[in-house]
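The structures considered in this document are given below.
One chain, chain A, links the two complexes that follow: it is found with chain B in the first and with chain C in the second.
Let's look at the complex of A and B:
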């Protein structure tokens, strides 16, 4: 029982750390948006957003890249991200 | 075996346990929003100056608050699913209530934001937008279309989580219910993903 409670608590703590990391990444995006980064800004902000999405998918949604269905989602999302990145640097 | 290991080992089963209807819904979300965001970037490439000016109408502060509310609601829905797996019913219900609360705060914040925007005439087909270049109207239309659809999905999510609270309170902590919790968490987290992208694209990149 003690071990089960202990493990559950560690799950909670892990998720809390993930949440904190995601909030920090959002804050980083806001800070960077306030700086004069010129044409690099949209690219950097999109990359940070992509990292956030990946972390949410892995840690919160329990999606494994090796799953067949996940591969479809990753493929389409990757394509949309690639097109978006091309359009912001164009 | 610890709960963490158990969860990790069950991920494949959980994913396969999630109904194909849920995956279809997520796929539709991906296609619809993917199309809208791609349209945004095409118009932005053609009219970067106008998009930048139009994006200044949006408050990064309120946008940041929205993202933090959604991220926190994602944390609570995940903790709720973990609590259900650990058979901690009361804690699971507490986290489900917290999710609904953060979701409602998100809607209130959005309502406040839209009201503030309308005060400055920043809404589709307003007299103010009619005076501006067409590209700024396109930004405005895309923003309200994407945000409106997102809000609609959040309202559905609140109903789903509310239904989960009722079923948990009724004590239906059975395997099927655990899978329902996993599906509800998956759906809610997809809304957070959308929130993060909307914030980055419309508020920060503009």
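Let's look at the complex of A and C:
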């Protein structure tokens, strides 16, 4: 499987694709700003940002969700995200 | 389309300019990726058929490797294939607000068909892997396999083969339809003001302008795929080592010729499509982008001809890089043409925004 090849060049290639993905997700957040989505807009934008954070943590920081410390931080950030969403809806 | 129309907020000039920049980014990501997948599917299905007819496992292995190479992984399909189309859809909804919704309708159709096609292509890719695993287990373990497992293998092997055939054909068919809708969306966007293309679905299906642009897209897809295969098999990480030498030799010749023939068609299509561009879309930057793309293509003719004639691979990495640069130049030219076409509408929208803004700002 090419994506699982561990050579340095393949790692760089994967990171390049991840970078393209992040650019595209940022673009999606920007184009959504031109639509009148009401209270759903901050929710969608926060979800996109959460996906970006997850991708960065997995691809660039090599954090695995199975790590204990990672689970704690995912829980804390999930809580912060939930509070932010509640504040948006309220 | 009324729903999308009602969702659009009044746009400032700066926001519309930003939308054009983001559309360029989305096109630069989407076009090379979807071209590689389309060309890769054509090459993969051709070699799969060749492998079946000649009963040559090497061709079938190549078909499996090509599709794994061009699709990258499942997430790439989403991030580089689906999300850029969503960006284009939303961006064009805003840019073409008050003007013409035909491009948006075609992007919506492209989004649905390309989405289904990418799912089927990923199933095709993974069914290849499972097919090999099952036949390998059957061959190596033979009579030592547990009775139930042997029955499962006997039951699932033909089903996976059928799934592989079915998803391959339908995946390619739907991707062709999806890319046709995508090209139709772009063509309608360029011809929104003074073009003479029928706005109906049937009229668009039979439009010479759209058909010629789609053929141009197919030729570019095949050339880009051939260049990626050459790059991966003969340059990346020092070239692929686990392929028999005589097979790599024949592959080298076939891919160089495929690249050369597909590239020969490109200048003709670029010329035809430039002639068909409406007056409202033309500017110096459009011609500069087309000229740059042609320059890269003509430089490639020299290098590929030299490689075929002298039978060497000294420049094997260059076609991929030059073709990517040509695609970027063409995407820039395309988006500039779209920005030129929608300029008047952009100014109307910006004026509406300024009027609304001044009305809502309290006067002292």
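Throughout what follows, the second predicted complex is superposed on the first by the 84 of 90 C-alpha atoms of A that agree within 3 Å, B and C clash if a C-alpha of one lies under 4 Å from a C-alpha of the other, contacts with A are read in each partner's own complex, and residues count from 1 in each chain.
FYI, contacts are C-beta pairs under 8 Å (C-beta built on N, C-alpha and C of every residue); 3 or more make two chains touch, one makes a residue touch a chain.
Here the structure is a predicted model, which is why all the values come from computation and not from measurement.
On the shared subunit chain A, the superposed partners chain B and chain C are arranged side by side without overlap. In the superposition on chain A, A:10 makes contact with both chain B and chain C.
Judged by the touch definition given at the top, the superposed model places A:63 against chain B, while chain C stays out of reach. In the superposition on chain A, contact is made by A:52 with chain B only, not with chain C. Shared-chain residue A:35: touches chain C; no touch with chain B. Put chain B and chain C next to each other and count what each touches on chain A; the higher total goes to B. With both structures placed on the common chain, the touch criterion links A:23 to chain B and to chain C. Legend: residue contacts after superposition of the two complexes on their common chain; A:90 is shown touching chain B, with no touch to chain C.
Our summary of the superposed model lists a minimum C-alpha distance of 7 Å between chain B and chain C.
Of the residues of chain A, those at positions 3, 7, 10, 23, 27, 30, 33 touch chain B in one of the two structures and chain C in the other. Put simply, chain A touches chain B in their complex at residues 3-5, 7-8, 10-12, 14-16, 18-19, 22-23, 26-27, 29-30, 33, 41-42, 45-46, 48-49, 52-53, 56-57, 59-64, 67, 69-70, 72-73, 76-77, 80, 83-84, 87-88, 90. Against chain C, in their complex, chain A makes its touches with residues 1-3, 7, 9-10, 17, 20-21, 23-25, 27-28, 30-37. Per the touch definition, chain B reaches chain A in the complex via residues 2-4, 7, 11-12, 14-15, 23, 26-27, 30-31, 34, 37-38, 41-42, 44-45, 60, 64, 67-68, 71-72, 74-75, 78-79, 82-83, 86, 88, 182, 185-186, 189-190, 192-193, 196-197, 199-201, 203-205.
Taken in their complex, chain C has these residues touching chain A: 6-9, 11, 15, 18-19, 22, 25-26, 29, 68-69, 72-73, 75-76, 79-80, 83-84, 86-87, 90-91, 93-94, 236-237.
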